[in-house]
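Reading through the structure tokens given below for one structure.
Letters are used for the chains, namely A, B, C and D, taken in the order the chains are written, and counting of residues starts over at 1 for each.
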Amino acid sequence: MKYGFLGPVGTFTQAALLAWRPAASAEHVACPSVNVALAQVRSGELDAAMVPIENSVEGGVSATLDALAAGEPLRVIGEVLVPITFVLAAPEGVEFSEIRAVGTHPHGWAQVRGWMAANLPDAVYVPTLSTAAAATDLLAAHTDTAPAYDAAVCAPVAAAGLTVLADDIGDNKTAVTRFVLVARPGWLPTPTGADKTTIVVYQHTDRSGGLLELLEHFAARDINMTRLESRPTGAAMGSYCFSIDFEGHVRDERVGEALMGLHRVAAQVVFLGSYPRADGQAAATTEAASNARFRQAQDWLRGLRDEPAEGATSGLRRSGRS
Amino acid sequence: MKYGFLGPVGTFTQAALLAWRPAASAEHVACPSVNVALAQVRSGELDAAMVPIENSVEGGVSATLDALAAGEPLRVIGEVLVPITFVLAAPEGVEFSEIRAVGTHPHGWAQVRGWMAANLPDAVYVPTLSTAAAATDLLAAHTDTAPAYDAAVCAPVAAAGLTVLADDIGDNKTAVTRFVLVARPGWLPTPTGADKTTIVVYQHTDRSGGLLELLEHFAARDINMTRLESRPTGAAMGSYCFSIDFEGHVRDERVGEALMGLHRVAAQVVFLGSYPRADGQAAATTEAASNARFRQAQDWLRGLRDEPAEGATSGLRRSGRS
Amino acid sequence: MKYGFLGPVGTFTQAALLAWRPAASAEHVACPSVNVALAQVRSGELDAAMVPIENSVEGGVSATLDALAAGEPLRVIGEVLVPITFVLAAPEGVEFSEIRAVGTHPHGWAQVRGWMAANLPDAVYVPTLSTAAAATDLLAAHTDTAPAYDAAVCAPVAAAGLTVLADDIGDNKTAVTRFVLVARPGWLPTPTGADKTTIVVYQHTDRSGGLLELLEHFAARDINMTRLESRPTGAAMGSYCFSIDFEGHVRDERVGEALMGLHRVAAQVVFLGSYPRADGQAAATTEAASNARFRQAQDWLRGLRDEPAEGATSGLRRSGRS
Amino acid sequence: MKYGFLGPVGTFTQAALLAWRPAASAEHVACPSVNVALAQVRSGELDAAMVPIENSVEGGVSATLDALAAGEPLRVIGEVLVPITFVLAAPEGVEFSEIRAVGTHPHGWAQVRGWMAANLPDAVYVPTLSTAAAATDLLAAHTDTAPAYDAAVCAPVAAAGLTVLADDIGDNKTAVTRFVLVARPGWLPTPTGADKTTIVVYQHTDRSGGLLELLEHFAARDINMTRLESRPTGAAMGSYCFSIDFEGHVRDERVGEALMGLHRVAAQVVFLGSYPRADGQAAATTEAASNARFRQAQDWLRGLRDEPAEGATSGLRRSGRS
């Protein structure tokens, strides 16, 4: 088995993959971008890939949301939550007072902005392709390709070989990033009672009040949404699709009926998978939306519909319709 | 075959039954009340009964609504619309100027009140058990049981043997009464594309916003209601159930799903039948709620659910879940 | 002061008026019908009239609902709840075993049907204009206008002069009728925190999903409905208006906003009054719909709107818009 | 007057500011980040600042959305739409075949990914702080701080001094970015009939079905949303606020009522301004939600409430309440 992750080595995404026990004995492959990782899953080079989807401070990861929504179908088969902590690291011998420029990924920079304003107000920010790359490049600082910064903001695990000048410098101490494991379609995780489902919904442009109508399909079945992102379709300013996570499994009756409802009214519904929640929290729903109640309703309806059609058995029916 | 109707002979209900072609060669039996008619259908003495359910001027016929909702299940299998016109009739020899009191059923009186105020402002009103009975009793006017009125308000057909003193005296010239033909369960009229379904819904008393929630189950499937009556359950002041007619047939996908939705959230749903509309008007619905669209959604969902469960075929799944 | 009531003397309506303390020293006038009572309020002959509006067993009183909705505006200024109990009464000397026919108002008959079926299964039913009239007429039983029945079903108070053969014969022992006191517009009962408001709403016929839209105006302001009756407008089969009672007073902010919302979307809203509830039960609503919260929102909005218009004070504005 | 923009010189944001006629004669100041620009507006160093808020391909600009929502209140007073076109530019003498690495801002890269995959599949991507900085840095290519790339992706206007090797290389030819002009509170653009309003809404965490409830406040007043972004509050995974643009002006009656409704049910509503739309398109609303209809409803309500309280004028009222 071959699992990819958004690289390089030392990213939070690698930490997420290391936390996914079933991948322990598999080969792990660093990918240069989310797009590359998912393309290699689609092509079969990888069996699955771990990619970031949502950060508690920065919000949805657009690159992942867009790469999942477009192209050959994929399936999310699991999720991992990783607490995000940052360190400030520099090559051995560099003093804190010598730092003039700091390199990191824009998402990392956004999460340490407060600390930087308080502690290194004059430092120049240099964007890098990832937080891990910011650190790695510093290790090559004595070479010709020396980076244009003196210290990196990165995950603790990525600071190997560097000196950590400051620890836990994130502005939000409870920051968490959510990662999803993505595979090709072909199987479906078994419902556990504590599942999530991820979809993307494209609206008919000529259908006003569209989002409200979509949400009513969830509300009518007592289904709780846990994430809603609008993403531009690119067609025109104001043309959006919706990336949605909600509680429950496609095999739950209430989820199946809601998905069918969306399928009827939307231009397109992309199903991206049902999978166990990382936190194991059971779905918040109601007795009226339980599988048992749905099945009672189905049995009742079947009974009503199973009456023979007119003309079958008696004069009343025969004469009544002839 | 034996068909009952709300008697006596000469009522609008008999006119409705005469208009029901399949009953042409059957025996017709006048019943003294809606309750008696439906009880005899329930007991098997009658094969079916024609009863009034809704008047365009007076509204729902409470006796029918209540008798349908309670007791052994019944099925509405058809409907008939009858234009309502009234005449003022008196025994031969009675002059218009001699009329001091007028007999008719309270519903009839309600529909000629304007004409009476204009033409016989001083006439006393005497209630009778039916408009037809008001006329019939006048025919016995020379006997000991002479009625306490001089003229009757009744259907033209009921005035046989009397002199019509004034024609078409209803205040509303477009008044129509809707009658339904009621039988025991056991068969179901075939969907025609122009059907109605009748139900009674009892709410859980501890579920606030209840009617809104019920109506949303129709709106979410683009189902049009044609009649809504609240009826007291008798349990307490303010405790109501809802008698509802809506467009579509229980075999229509959108109707089936709506009924299941009501069944899940309501205390009880009494199904009273799906039957062709008297006016043959096709259901007003949308493409998104068509049977074709529902079936596409079902097929799509089935495809999503049919993926094998984890562990079935590959190392990814096996290791992923072990 | 002159108060009317739906007569004759001995009706439950008179009992309701007697229970209305402020009318204790006023003149009480029996009216032959709800229509007459309300017409005399409109014309000024009466200062107010007590009429039945809703029965816990029989439902809304159509005659009252229709008479309130049409014609010169009226105002409900109070309500009274009266427990309904029936007796079987006959002239002195008449034995129970001699009863062949029973007279009463159709609403009364509906409420003792079960008792009659069990105790006098063969008795013929004779409708009368009121339960009290059924009793009164029996007192004249020795005259030429003897009624066509042997015993009356009426309120205990109406049985004066007759012998009570059976007591408390109503099928539903908790039956209650709700009466309203109706006056001309011109003043408004002070809000008490435990009020009701009564309205009639006519929909635009070309606006589909109409009832749902109306109910959402209540739900959006956490307003609880206590009665909803659909009444035909008479225009055509299926053309209905809605008679609605809900919790709260027109001077409550949430009620005012809901009424304005209905006024905007409906063809017509007839306001029939805000008045203290007979049972003194406070309105079930939420903090978010409290007067305090509404006023905070109004203050906040006023602050936003009170900014001076562009061009007033500075170059930014001046140049920005010139 | 002093206007800031997200710099450096040559960005699309500067193009937006140049298109804002009222700023023609004012001083224009390039700011290193959206945060700095808005901080200087807040502090008074700038009178206003032009910042990007939404891109038709990439979606909402998180940095702007977050900087507007937090901190001292600001007001959007106008918007500008700028078509986005990209060029590939390199220092004089660099051949297309020599390009090994390309520098640009991540948002720029996202919009030319397709073109790059087709035309420069082996080029390495180097992130820069802005598309304009990618170009500017190339002009210093002969100095010690030579950038680590050979060509820049930037706006045509930013390519001055460089050679354009390829024109109009954006994957989406209709891409547009929307910019907003932000000032301190203190005045309000006059309603034009073609306005937008921008708000941020924080929900009470203990109020389920929250987004649906928020959207119903718009739907109930026929208000059309043009942008909805969920943004994490940072408090916890799954804790979101909503950044919303909708049609209409705070001085429009329907908008005022909707804002009050949100203010009542939400934890916080941040008002970010009402301003003329760049495209001049009138609000899509209905007659029922027009200012005229709102004012009729207000007048009607005022009439109902203006009745004197009981006790004021007559015995009915006095006795009725004593």
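Keep in mind that, in the parts below, a residue touches a chain if its C-beta (ideal position, glycine included) is under 8 Å from a C-beta of that chain, and two chains touch if they have at least 3 such contacts.
Nothing here was measured: the structure is a model prediction, and the numbers come from that model.
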- Both-way neighbours, i.e. chains that touch chain D and touch chain C: none
- State the chain with the largest centre-to-centre distance from chain A, centres being mean CA positions. C
- Message: How many angstrom lie between the centres of chain A and chain B, each centre taken as the mean Cα position?
- Response: 53
- Item | Rounded Å distance, chain B centre to chain C centre (Cα mean) | 25
- Where the CA atoms of chain A average out and where those of chain C average out, how many Å apart are those spots? 56
- Message: Using the touch definition from the top, which residues of chain C touch two or more other chains?
- Response: 216
- Name the graph shape formed by the protein chains and their touching pairs; answer line, ring, star, complete or other. ring
- Message: Which stretch or stretches of chain A touch chain B in the complex?
- Response: 1, 22-23, 25-26, 47-48, 77-78, 183, 185-190, 216-217, 220, 250-251, 256-257, 259-261, 263-265, 269, 271, 288-289, 293-294, 296-298, 300-301, 304-305, 307-310, 312-317, 319-322
- What part of chain A is in contact with chain D in the complex they form? 35, 54-60, 62-63, 81, 106, 110, 113, 125-129, 145, 148, 172, 174-176, 178, 208-209, 211-212, 215-216, 219, 224-232, 234-240, 284
